[in-house]
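Common to both upcoming complexes is subunit A, partnered first by subunit B, then by subunit C.
Entry: the complex of A and B
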């Protein structure tokens, strides 16, 4: 067997599987998004960009989903990055029981989103849930909230659950980044008279840019694809107040059987995915040729 | 005198810092553990005791809740074990195979192909769901184990290939070259030299895949119906709808469902951390 064929056989499974399941399917989705296909059977007529025009001009739920996706992303990333950095620094200080703390911070990562959704629905349940029960028990009845049953708070509740579930990841990446700072650099700052605080603020944290880029990329990707938490905690409700793109797409395509319209939301999500990964792609290419 | 004063000042400053550090750590621990505490606490309460609320610590633990929950999810749990086992083994093996190709058998353009494969990991699944359902249905695998095994294998390819390529990059090329000189073709080199040396990599990839597939929900929701081949996550999500307000049973189910991965985290944290970092940082 020639060398070339052998090499091809090695990389063929990846090319075939990813080629079909990711890129082939995406192309198919784009194609479906240009049709009016709905309900059982197959086909629907070609309608050009009608689905997209409707999404962006008249569809209120789509607008809500888009805004909620952005809101969720902003809260999720806005908290997760500083929190991860803070916890990583705390772990890096000389503390007792570091490995226990680290395990505790990473523990929620082991939970499925389904499990977290159930747990946090229970936490945020207004009448019998843990948080309001806790507030009543310590005499802070006035602070009890409607949580997930409120149109304004639902998306914030979901963001909190998401932060709980996923912040361990950013702690982990930052911790690895901080541990990777050569001790000589830290020592040099010490000799120059920098306090521990200054050492972190001026030397160690500014060196975490690659870690931040990595975390940012992964968190962006995850906040676009989050589905389980919203689907199970609020079902996009009350009303459509906490609907996000991923749940709106699923509901449109598979609960209402409007495949053409759902495919156009899926296509928009593909475009958003690509926009998120472009900086990543550029970084990868650069390091490839360095 | 003065010196002593400043020394004690310095010391008390240090104590304050220490207190601050541990205070922050304690707050973080509370944030991460409180939901787990209420879940476990609730799962052990009888219906009667549940009426007193979820926070007060359970007085007479009702372990039968776990039995009740288990009886509702035993079949989906078995399904999840089968699906996760097969998908993990197949996707890890294919990842090793392809990762070797992309790492040790480079040719012009192979790094570009590799990049395109890896980027598949970052595409939101919503952009492929409609054709996925149609495809799995048209090959007769809707509502079967194999439908989900194939799906998880396919969408696992970018990450398993990436993890194994990174692993094989740490193997010196000379090892491969010397095997070639000894008359091995690429297949022989892979099975006799690379594969035995990649066992640590296998552990990392397998545990990464196991945790991801066990916890996955969306594909299970899309590709199954009824309990025949439904994965555990979907069954747990359904507990909510079928049993009216029995939070204790639901929480018991949740605890049972997370145990396998939770135990993996506790016992194999090092491997898991390695997988998470390799899958992201070196991405």
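Entry: the complex of A and C
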């Protein structure tokens, strides 16, 4: 048996499984989205693009959930990346007790989403939550907020929970990137009279482009399909104020038995992810070749 | 040898996904959502009673907590679609809910022949003239629970006779610094606002059975119904006057019940399963907490039941024995007293039930009390989610105008016509 055939045989199971369970079921979802399937038993007839037309014309929650998804993504990415970079720089500064801080920064990453959701829901609870309790204890009652019970604040609360959970990941990638900067470059800048601040701002951070692209792409991919914390913390509420595409899809398919319609939301999520991710993916590949 | 090893590895990988583990004939795979205080103890006792009659079998139970069963139903749907349903599972009993599953369930008329329950209860669950679920426990939804100590401290005269008296009392309670009415509709449990809607609607002169039965059949347009609008008006009064806890959208049903149980709130509207939760907390009925039908609804019984069903494709004798077992007095009187529910079976001795359950059963068996199958059984399953969301939107912005009513019309169309 030639080596090529052996290699092919080894990767064949992966090709078959990924082909079936990823691409096969993606295609199946698209097919289902063109049907009126709305019974727990198998059923539904071909309705063409009716589900998509309804989504974009008459559905009242779809638009809200699309905007909420983009809003959550923007807050999550917009804070997690700079925060991760800042924490990585702090770790790189070789301050005292660095290993303890490293543990503290990375700990949230090891929490299960269910535990995180329970913790943050309790913290953001307006009456029994620890955040408002703390504000009251230090005499700042005027600053207490309704948090997850407010239509305006619920999505921000969820974003904070995600930021807390993922900032460790972002820190880890940046820390690896910063650690990979050859010491002689930093030393050269130092000899040229650059301060610590200038060395980071002018030399080390500009060299973190590949790390930034990696973090950005992974967090983007994740944030466009988040479900767990949203579902567990607010269930999309109050009202539809924190409804995002994934919770709306789940609700539509499994709570309302509109499987065809739910599949059309899933398909739109897929298309949206592809549209947003592909430019970053191409950029990342290009920078790898460079 | 090397080649053989490679081929063996590849074959193993390919076959790995196609192997399914079949449950044996002496195992019963059961899915249910009874995990809260009182409920868990009740189902454990029921399993034990079943095992007394089937000592050599094993029950593999899969309790799925949360969402009033919504999370478990979602899981069951994926299992059914994958062609791997459990031997039996729990759903709420009612033609609307059951019809959402009927195409994947077996009729069980032959198995439950002789089940001594009122004919009206059979009618609640029949779909196209067939029975698909065996109702186990009767639940009343329009219950008002109250904290006995606070009621005494504030000098509130119980029972409260009408919704108008109730609103006056709520105002007095608020002035005394307590939360008048505890509400919990958070963490995906928006549908409990529908339970409050049912109770309030039943308290209004033109609401109750006549309206709700038509409403759940899809024959009412919310924006054109004065009864619907009047019900919203009462809900709005509760919200605008701060008669409910402001963190209702962060609390689950049992957390809201705890507000009443721990003396932070005076009243709590919830089905009679709340009693099981309170007693599991160590509270004593009629001593620590009291019960009355929601003010102005003593002539209306809004209720539903839990039932177990037999999915298509399950031909296991043990599963059929389980369904038959649930029709017995032994099953009812093992499960219901612990859960805090009432039995359907007419010849069940009532000496094992507390006075509240006996009172609830008295209402149910009173011919002069109109019966309404609740939101958990009468409308299609989607009602819980769609109207839960619509009520949640209303509770966060309690305005009754063309736009908000249009939102309810849209929800109604989603459930009944789309």
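Rule of thumb we're sticking to: the second predicted complex is superposed on the first by the 272 of 290 C-alpha atoms of A that agree within 3 Å, B and C clash if a C-alpha of one lies under 4 Å from a C-alpha of the other, contacts with A are read in each partner's own complex, and residues count from 1 in each chain.
The definition used in the following text is that contacts are C-beta pairs under 8 Å (C-beta built on N, C-alpha and C of every residue); 3 or more make two chains touch, one makes a residue touch a chain.
Note that the structure is predicted; figures quoted are calculated from it, not measured.
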Simultaneous placement of subunit C and subunit B on subunit A, clash or fit: clash
Which superposed partner A:10 touches (first subunit B, second subunit C, both, neither): both
Partner chain(s) touched by A:236 [first = subunit B, second = subunit C, both, neither]: second
A:255 touches, of subunit B and subunit C: first, second, both or neither? second
Which partner reaches more residues of subunit A (counting touched residues only), subunit B or subunit C: B
Contacts of A:228 with subunit B and subunit C, given as first, second, both or neither: first
Contacts of A:212 with subunit B and subunit C, given as first, second, both or neither: neither
Which superposed partner A:186 touches (first subunit B, second subunit C, both, neither): neither
First (subunit B), second (subunit C), both or neither touched by A:40: second
Contacts of A:145 with subunit B and subunit C, given as first, second, both or neither: neither
Set of subunit A residues, in rising order, touched by both subunit B and subunit C: 1, 6, 10, 13, 17, 121, 128, 232, 250, 254
Contact footprint of subunit A on subunit B as seen in their complex: 17, 21-22, 24-25, 28-29, 31-36, 38-39, 42, 53-56, 94, 97-98, 100-102, 105, 107, 110-111, 113, 115-117, 119-120, 122-133, 135, 151, 153-155, 157-158, 161, 185-187, 190, 211, 214-218, 222, 233-234, 236-237, 239-240, 247, 250-251, 254, 257-258, 261-262, 264-266, 269, 272-273, 276-277, 280-281, 283
Sites on subunit A touched by subunit B in the complex: 1, 3-4, 6-7, 10-11, 13-15, 17-18, 20-26, 28-29, 32, 86-87, 90, 93, 95, 101, 103-123, 128-130, 133-134, 136-137, 164, 168-169, 172-173, 176, 196, 210-211, 214-215, 217-218, 221, 224-225, 227-228, 232, 245-246, 249-250, 253-254, 259, 262-263, 265-267, 269-270, 272-274, 276-277, 280-281, 284-285, 288
Residue ranges of subunit C in contact with subunit A within the complex: 3, 6-7, 9-10, 13-14, 16-17, 70, 73-74, 77-78, 80-81, 100-101, 103-104, 185-190, 245-251, 380-382, 384-386, 389, 392-393, 395-397, 407, 410, 414
Subunit C-facing residues of subunit A, complex: 1, 6, 9-10, 12-13, 16-17, 39-43, 60-61, 121, 124-128, 146-149, 151, 231-241, 250-251, 254-258
